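My questions will all concern the structure given below.
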Amino acid sequence: MGKERKTIGVLTSGGDAPGMNAAVRAVVRMGINRGFSVVGIRRGYSGLLANDMDDMDLRSVSDILQRGGTVLYSSRCPEFSEQRNIKKAVENCRKAGIDALVTIGGDGTFRGALDLCREGLPCIGLPGTIDNDISSSEYTIGFDTAVNTVVQMVDRVRDTSQSHDRCSVIEVMGRHAGHIALYAGIACGALAVLVPEIEFTIERDVVAKMVSSLRQGKQNFIVMVAEGVGHAPAIAEQIESLTGIDTNAVVLGYVQRGGSPTARERVIASQMGHHAVELIEQGIGKRVVVFRGGKVVDLDIEEALAMHKGIDMDLYRVANDISI
Amino acid sequence: MGKERKTIGVLTSGGDAPGMNAAVRAVVRMGINRGFSVVGIRRGYSGLLANDMDDMDLRSVSDILQRGGTVLYSSRCPEFSEQRNIKKAVENCRKAGIDALVTIGGDGTFRGALDLCREGLPCIGLPGTIDNDISSSEYTIGFDTAVNTVVQMVDRVRDTSQSHDRCSVIEVMGRHAGHIALYAGIACGALAVLVPEIEFTIERDVVAKMVSSLRQGKQNFIVMVAEGVGHAPAIAEQIESLTGIDTNAVVLGYVQRGGSPTARERVIASQMGHHAVELIEQGIGKRVVVFRGGKVVDLDIEEALAMHKGIDMDLYRVANDISI
Amino acid sequence: MGKERKTIGVLTSGGDAPGMNAAVRAVVRMGINRGFSVVGIRRGYSGLLANDMDDMDLRSVSDILQRGGTVLYSSRCPEFSEQRNIKKAVENCRKAGIDALVTIGGDGTFRGALDLCREGLPCIGLPGTIDNDISSSEYTIGFDTAVNTVVQMVDRVRDTSQSHDRCSVIEVMGRHAGHIALYAGIACGALAVLVPEIEFTIERDVVAKMVSSLRQGKQNFIVMVAEGVGHAPAIAEQIESLTGIDTNAVVLGYVQRGGSPTARERVIASQMGHHAVELIEQGIGKRVVVFRGGKVVDLDIEEALAMHKGIDMDLYRVANDISI
Amino acid sequence: MGKERKTIGVLTSGGDAPGMNAAVRAVVRMGINRGFSVVGIRRGYSGLLANDMDDMDLRSVSDILQRGGTVLYSSRCPEFSEQRNIKKAVENCRKAGIDALVTIGGDGTFRGALDLCREGLPCIGLPGTIDNDISSSEYTIGFDTAVNTVVQMVDRVRDTSQSHDRCSVIEVMGRHAGHIALYAGIACGALAVLVPEIEFTIERDVVAKMVSSLRQGKQNFIVMVAEGVGHAPAIAEQIESLTGIDTNAVVLGYVQRGGSPTARERVIASQMGHHAVELIEQGIGKRVVVFRGGKVVDLDIEEALAMHKGIDMDLYRVANDISI
């Protein structure tokens, strides 16, 4: 005779991102309201292997909606590539009575979820990373907050750049992708946006625009650089040596990962967590919940992992057309 | 023999909204880069009637991307409902050499633009209002910033509500629509969201949920109220008299209109301004630029005005399912 | 034979204020580091009467430095004016092994502390209220954060006031005192600051200045009003009827009480909590820790309560001299 | 026969700082209200040598109170150490009709002002630098904003440090002084604060505290490092190699210079600008306006330059006593 209540496990994996807490909260609240028990697993797949987990109730997610980071902690788990660890994780879930798992993270997290599905544990993946580099989703939990953090910091840097007629080269996160740089570049009125997806030369894409812009009377400049294309200090030096304009470098670093999530982050993360429980309720597993066409929808995990997302070329064109 | 350069006029009308400056900037920059002259008209349609306008160059939109409000000023213009004033406006545009007009505002602004089109002046409307109550667009310039402002303020109110085991009733803007209340309600973890689009009773939709939530150990509550359903102080009194729980009211007021636009606001407003100039470049008029399916597209003005947009019922369901 | 370790109790009373948590944290950390046990009493003097208290350790104050409100909760306690309740509170402390008490709040809280001292319980008072209306201290915990909150909100209101050539009347907290209004008025560039400590007429102190300012080309105005002088909507109406200028009212409300404390708030609150424990360590009671001459010092409670602090007239003169 | 109106010149020099605009605004407004003409000199002493200056009226300082940076621009001017340039500057002032000069900047700026005084031009210095390293003043314009910026950024970093059980080493500005590091360290709950004024070893002052703190259950740590003691990445590496705890480095950089000034910044800068004009009105020159004992006062420039200010040792003790 089986137990009456089914149980959902939830974990966050990979780099933490603002809004993960909103997603966890939605899974817990919606899960309990639909009659599930919910178990929180700490430190991602590592915690699953180490049985580091606890029951969650409505109050265990109180007052976390507005907090950055993840109350479930996160970590990377290289051991999870080994088949015997996948089996051990599924075994641990069985022992803990976990019938389905919600995993919040990036494409790596989704691959782990697919492995677990193949061993018989129904999983739902939610896209959580500030980098927006998940191929199947237009939007990832953490991206909106990270871009706003960058914009607020560059607004500050601009004050001092203006006061000194300076050029500032800002290096932002994004791993191999330029999404943060592109969005923040438009939002900050950057003269140039350098991203790994698009070839560029400093001469043509920065210096020539700067010269043309100087003629229009502009005296201070922001150049937005994705970490995937190189380091801000080197680029700043190159610009200064080519133009003679005082140029400094700002590497924004880990500040971009944290902070209270924006409204949009909290709303979409809540929708996604809600949607994950609806899928589990209907007995559906092996799906990722994604944002496509401005909506929260779901896709088969394998299908999702096979997708490719480049940089938004229309947006890049906008960035260029209004930069001077 | 005609003049060589065509001229675009641009104005902001109705209530001001953060991001309007980003849209104006994109129109000016993209216009000039495509070979147009650009004329800024101050104080909306009133300024058009009063010939209150000036040439704009690349530098006249420097350093405005990050500013709330509108550098072109705004006003409501009741005289614009009279046909003779429409004709006068078109006449003023001709005299000023304006070949096409970009108008940024709400549905009322779009109706004015339609009237001008009918008198032979090609117009492009851009959706600008914090209320998100434009029927043809999923998103309006100003909405994201206003919702984030509400959320930041409620995060502050929550501190004090928690310290005193209190219920706080927050009244937000939105005129006849509940979009701000619904989004902010989810983002703030409100116990209940009261909007004009959905019938409710305080007993069932607030008090019953509060009682059930008290049993779970929750001691402080946020109730989000759209201005379209009534006044926060009256609702707070009603809740306090029904539950005995100390309940205060916060009317957020004009603070919601202002502030530096969010990253998303600046990006979408820039895309919209850019798109408006592309339409004019192609000789297309009588369109509105809107956000649909997560993308910037355009529609015929008349078609757009005939559309109807209700509240997002899926989102309302999410709000309810995770509120306790 | 007495116990080895002495015990300090700590509570927050009256209206909550940002920075109270920083003070509580400093008392707990410094107390434990100096060999004391620390007991946290919930909901102020009410909790003392109800024996609502718990032991605190180093980790119970983790991650609270940056939070608004008070983790110890607060309340007003009218019963505390009765002598038998004072005796009961002292009795409860004895039973709980509390040897000295740190009470954080306003002058009312200090009077309660004095009553307890007279019954033999050594107490140290810390000034905590956003209103800065504690007679013995130049600065109270919560004031800096509240003023910054007001300023950030008025910066938003200004955006929309400018866009519409409007006057905005801002009503701020402060009970019977005008400190918040005066500081925020200068920081916001208000045309006029109306406070209960200084007589004014709308005609002379607002309208005449507005007229003179209009002549200089100024088109939008901020008038800062302390809650102690009347309600913003009535004052806005009066200004509009006298000048014909579109005037709106913004009542900032409870938003002013919350929010993450500013750096200064956290630093001074930490110093004060630290100083309180140093006094107790030296066997000194019946003192308040205050800020005078730019420094954290201590005074006898009775002496402190007998002091009088008016509004800073030099600052008021600055406000006036640079307002136009 | 002399001209009727006397003229005040005003400039900002050295590194820009938030609040400089508030000081400039106060000088202009107060100056004009007391019957002076005011001339704004751009780019500090360089502009004085290049005659880069313009008349200012009440409206030329509109809407700048809330802006970071300096509308007068700033620069360093090494040529100003030459006596013939001092003479030239005084000559330029005479030609421009400038009777007295207000210079806003650091000790270097004050030395320039002293040189000008010696050549017969009455000067008043105002302390403006985020570093708070002016020997004669407890407070310098820009410090409060810079510390708050640091604190807000570290609050973000803490989110991600907590989610990953990490140590974060934060490098902040301050040149040869540790004031920003010390204040921000207390406000952020740093485990350790490393400043150039106080000897330390990583082993004793960081690692030993970390070990003791780990025993109490603490899992994540902030170490605050003033730029004057070395680079965060090297220190982070050292900590990681000594403890095995995942440790990252964040160099906050130029973000610390900008941003809308805090309320306190705007108030004190306004008072200082006001005070400078009062001195000039009384025919007093060769003074600096400083903050001492919690008040705005003035000192002889030479006397001021001869003063010495160390780090606040009481505050350092507080930082240490409550850090674990």
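Note that the chains take the letters A, B, C and D in the order they are written out, and that residue 1 is the start of every chain.
We take it that a contact is a pair of C-beta atoms (placed from the backbone, for glycine too) under 8 Å apart; a residue touches a chain by one contact, two chains touch by 3 or more.
As the structure is a prediction and not an experimental result, all values here were calculated from the model.
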- Message: Report the chain whose CA-based centre is farthest from the CA-based centre of chain C.
- Response: A
- Same or different contact residues where chain B meets its copy chain A, judged by the half mark: same
- Task: Go ahead and note the Å separation of the Cα centroids belonging to chain A and chain C.
- Result: 39
- Message: Averaging over Cα atoms per chain, report the distance between chain A and chain B in Å.
- Response: 27
- chain A to chain D: how many Å between their CA centres? 36
- Message: Can you pull out the residues of chain C that are in contact with at least two other chains?
- Response: 155, 158, 162
- Residues of chain B that touch chain C when the two form their complex: 12, 15-16, 18, 67-70, 73-75, 149, 153, 155-165, 168, 248-259
- Message: Can you tell me which positions in chain B touch chain A when the two form their complex?
- Response: 25-26, 29-30, 33, 57-59, 62-63, 65-66, 138, 144, 147-148, 150-151, 155, 158, 162, 183-184, 186-189, 216-218, 260, 262-264, 266-267, 270-271, 273-274, 291-295, 314-315, 318, 321-324
